[in-house]
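As written, the chain order gives the labels A, B, C, D, E and F, with residue 1 at the start of each chain.
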Amino acid sequence: MRPSRRAAEEMRAVSLERRVSKYAEGSCLVRFGDTQVMCLASVAEQVPPWLRGGGRGWVTAEYGMLPRSTGDRMRREASQGKQGGRTMEIQRLIGRSLRAVVDLKALGERQITVDCDVIQADGGTRTAAITGAWVALHDALEWMRARDIVKAPVLTDHVAAISCGIYRGEPVLDLDYAEDSDAETDANFVITGSGNLVEVQATAEGKPFSEEELLALMGLARKGTGRLVDLQKMAVE
Amino acid sequence: MRPSRRAAEEMRAVSLERRVSKYAEGSCLVRFGDTQVMCLASVAEQVPPWLRGGGRGWVTAEYGMLPRSTGDRMRREASQGKQGGRTMEIQRLIGRSLRAVVDLKALGERQITVDCDVIQADGGTRTAAITGAWVALHDALEWMRARDIVKAPVLTDHVAAISCGIYRGEPVLDLDYAEDSDAETDANFVITGSGNLVEVQATAEGKPFSEEELLALMGLARKGTGRLVDLQKMAVE
Amino acid sequence: MRPSRRAAEEMRAVSLERRVSKYAEGSCLVRFGDTQVMCLASVAEQVPPWLRGGGRGWVTAEYGMLPRSTGDRMRREASQGKQGGRTMEIQRLIGRSLRAVVDLKALGERQITVDCDVIQADGGTRTAAITGAWVALHDALEWMRARDIVKAPVLTDHVAAISCGIYRGEPVLDLDYAEDSDAETDANFVITGSGNLVEVQATAEGKPFSEEELLALMGLARKGTGRLVDLQKMAVE
Amino acid sequence: MRPSRRAAEEMRAVSLERRVSKYAEGSCLVRFGDTQVMCLASVAEQVPPWLRGGGRGWVTAEYGMLPRSTGDRMRREASQGKQGGRTMEIQRLIGRSLRAVVDLKALGERQITVDCDVIQADGGTRTAAITGAWVALHDALEWMRARDIVKAPVLTDHVAAISCGIYRGEPVLDLDYAEDSDAETDANFVITGSGNLVEVQATAEGKPFSEEELLALMGLARKGTGRLVDLQKMAVE
Amino acid sequence: MRPSRRAAEEMRAVSLERRVSKYAEGSCLVRFGDTQVMCLASVAEQVPPWLRGGGRGWVTAEYGMLPRSTGDRMRREASQGKQGGRTMEIQRLIGRSLRAVVDLKALGERQITVDCDVIQADGGTRTAAITGAWVALHDALEWMRARDIVKAPVLTDHVAAISCGIYRGEPVLDLDYAEDSDAETDANFVITGSGNLVEVQATAEGKPFSEEELLALMGLARKGTGRLVDLQKMAVE
Amino acid sequence: MRPSRRAAEEMRAVSLERRVSKYAEGSCLVRFGDTQVMCLASVAEQVPPWLRGGGRGWVTAEYGMLPRSTGDRMRREASQGKQGGRTMEIQRLIGRSLRAVVDLKALGERQITVDCDVIQADGGTRTAAITGAWVALHDALEWMRARDIVKAPVLTDHVAAISCGIYRGEPVLDLDYAEDSDAETDANFVITGSGNLVEVQATAEGKPFSEEELLALMGLARKGTGRLVDLQKMAVE
């Protein structure tokens, strides 16, 4: 049995709360159980230097955690003078995931930065961040459209993400922290609304895993992201 | 007339929401109007090196802002590789303010760090942070007391803070961002529950100010912190 | 047709040259075609602070590139004052991959660091690094065994890695730089000698990919790592 | 009695020595007793990016201490790789204080930087720095005027600063290090030649202070800055 | 007798292997015995900001060591966040040595950077780097000439470098690590093909040395660099 | 003729002013003409980690320049976040020079740090610093001796330094800034009281130099350091 008493295919309660910021052009507070991530999308009329003059835009993400968003207080990255490797990995993943469903040409030479800041962490912060960042990005694009800044559709699909893992020998969906720190295999899946894969990252934490196990996890993940996309649709309607 | 249509002595709606964190030993989400600061207190069984062996504890604070907590997105301090001067000034001020009402001997060789992270900024983040941090600190000390980690009372008084300023020639209480960026003089007062001063910081943004103006601001501040202390009392009862 | 005129399942010439260092306890210069990575394993009689006293050892990796190992000169990370996100991601991946086939208890409280420095880059540096690092690690462990520093077997299996991708609609094995920069999907597989998966990282560079495509890539990767493990066996015999 | 045997209202010997640099457009070595600060003003024909094109200039300050300007050697900030919070606070304060008496429009799009480097520290370095920096700034502006770089008067008033404190229960003027480290309350006042306040910073080091005490300190400070402004006048005549 | 059993005037086996990089415009792997340095020259069509518009080019160098190029593993400079003083000294020396034989006007507004990365260190890495960097620079200039990027000759002479030292009272040529760490005096000479001096750096490691000793070392160095220049000539013919 | 109208062998006016610090155990303000360097020696009862337990002490130096010690204001190293290569080179040179005349065993497990801060720079700051640092070191050792912290003599000789150069074809002694920036060859000599060489650093700024020229410079330098040692003797008597 899972520590949370959930069934193997059972996700935690997920909520996507929009318009949580007075300033950001798009915003979403996403909750996967006790995990809470604030996703704030900011529009800028300038792209990074290496993209200038090419007529294409850019979507990127930054990720951070409040020092006491976790069980033990972590050192603040700003006072340490650098972002850790895990932070960089995650913010690169969020950015790639969003770009997979964005038509950068239709965006024009503009940049949207989605800041994903973890208010409380209980496992799955990166997948919650991707799922919520899509909503913030959607709203920022709506904001631009309402002002005729963009004309053609920029978003080409939904994108959502979920973690799965082999916990005590059994594939389970949506790991919380207690499971995550104990799982033999931990996998994150980023999947579009039409069911295609954007990113698969599976890692053996303990012993290596088999292809069958990976496929079982992928099956769970498809169900999970299917539900997440439904929630995104309800949220933005 | 103030942009917010408030009367000169009128504060914004203030709320102090406790127990907003699953992990922190004490926590408070403080709101001064649209300004929101998450204050999370963490207890550690170790003091900084320069205090070891002296039998006294330490209380300190760290301050940060979400990059899009403001009207224009700021660069993330963690990715810039250092905390700015304003950040350092504010976190030092919060720490000093809290220590003014703490008996460090009664705390014993332990450290409490209060992380004050601005979720949304609309002026007065440092004064909101001090006011909310007191609640988080209070609850962390209650948590310690319930576990017999400390025995004697550690908190000696309340402490709260408020900003005032000369806006279009008139002294007003609790500046929001629109007023703050336009005020001729900007002052922050940190005052204890018994009405004594812990810190006074008054700055001429435009033309220098007179002693009378400073006294007028101090009078407003006393009323403000009096009400804030009342709210703290209601919150922790 | 691939730019290199290779067949879809054809790997580049791979070589694993041992004992390329006068100093390192284990060393291997690995070549995947024009990609060259120097892997040097260093033994230290001390583990990181968070592992001390637990009776277990640690295996870690660091990754770097000579500034002109690539077509355009990159800025030197040492003079920039920080390692980039890609560097951190890769060195974390190499370390995890090696630890998946190491019995950290049998290693005892010691650390082995494998430095993987790219002398020349033509795609696939991280997978070449993992494959060569296993040889360097093997030799460092032999060195320890010859001196009775470790007694029980520490390595539990082989581990090797290869990249695959969808290039112009077709799954191909072992991408070189020309293919990598043009591939629609790029995947790295880390697989043990017994055929189990240690890490799967698949990324849609352009449009999302299907489960079938992922499975096709995995099939290619299995063949590739099978051959790499054979080469490792020949090398260390 | 004060450790220095001075009367409560008695300042240390103050000197303002001009033209101490072969290169700086304005310069002043200021001494408050054993405290010595070298103030060097540099004129640049360029303002920071955020001011460009606005027709206004900028005055700023930087502050540093020689590592052995103090009783115990401090670590050199340049070798630590960052300026501490205290340094940043002080240099921001000096810059604000100078700008309070400068007509930035009359200055035109130019920047004057006043470097305040503490050669020897015995308390009151920030107030000495402000007092001496005014002289250096004055001379740099005279240098510009002599070359017709500026035409209209740029300086609108004098500005000087002094510290006061409650020492063993009594308000005293111009704290030296022995008093400063022992004072219950420590306050810095920045006051113009016409007697208006530019900045008030009062801090309870031990127990909180009353409004009466603050007013007593302010009374002392007015006398002190009055005398400092007289010394500035004599110096620049 | 020297630890290496070499005669006092005997250099180690030196080799200069060209065209060791697929990408660099000029490249040389230089070996002085077990010391191996990869020298890669990169051409850029832009000079540093302080040279722009002056019609002159720039030649510079960067230096690094693989962490396990030495007997004990060193910390990686990229992960430490800064280059050490020794690294900076050496790369400045290499750059100055090369510029002494370059006509920067004939180069035009372009920059050549020679990266000198130590693959294995056994003493004399900086002198090997200078000697090999000349070859890499030569080839990069040939590459430019073949493309009519430069027309007039840019290189004005050869330049090579060698270390000498007083080892157990006797002047010896080309110190290896065992001698270097034990020598009383250590000197590096950078000498042109025509026998003139570009740089002399002589350091008393133990007791101070006499003028006669310096002259004896210089005599040895002249012989050494004479042979190195012959090897450069053979290499580039 | 030299810009300063000095004869070729003529040094600038040199002064060595002792006891210029209230705190440092040894101190000297050294002037070579308009070059002024404050040298402050600090005694610590702890050696760096790599020396602990060996019964030997350490002498080291740090070097810095006030930002406007030069004709054009330089950026402050503390605010740039790192010391430049030139700074590191110079402080390493000063440390080595002092250690050449110190018996580290007689010093015992203690460290003396000499901070050399340039108040005003007009060429020759590193040689002035070495000459003045010897005086500060001497006085710190006297201070220790008076307190019986050291017993046996620690200083084994004097050490002084001077720069020379080929200016408009002629060897001249003690370059000032105007000469230094125009000299073809620039050399620094560190010489003991008994006339032995501690460090020779000669650099061709323009065209390479001959052995005869180096010897001519060395002859000048011997005269210069002879006079500097005489001044040191007068200063400490």
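A few notes on this one:
Here is the rule we use: contacts are C-beta pairs under 8 Å (C-beta built on N, C-alpha and C of every residue); 3 or more make two chains touch, one makes a residue touch a chain.
For clarity, every value in this text was computed on a predicted model and none was experimentally measured.
Each step here moves to a touching chain, and the least such steps from chain B to chain D number 1.
Common neighbours of chain A and chain B: there are none. With centres computed as the average of Cα coordinates, no chain lies farther from chain D than C.
Distance from the centre of chain F peaks at A, each centre being the average of the chain's Cα atoms.
Annotation: 33 Å between the Cα-based centres of chain C and chain E.
The centroid of the Cα atoms in chain A and the matching centroid in chain D are 50 Å apart.
One finds 28 Å separating the Cα centroids of chain E and chain F.
Annotation for chain C: residues 81-82 touch two or more other chains. Taken in ring order from chain A, whose neighbour in the chosen direction is chain B, the chains follow as A, B, D, F, E, C.
Residues 21-24, 34, 38, 40, 42, 44, 62, 64, 66-71, 73, 76-83, 87, 113, 115, 117, 119-120, 122 of chain E are the ones that touch chain C when the two sit in their complex. If you check the complex, the residues on chain D that touch chain B are 82, 84-86, 88-89, 91-92, 96, 100, 157, 187, 191-192, 194, 196-204, 207-211, 214, 218.
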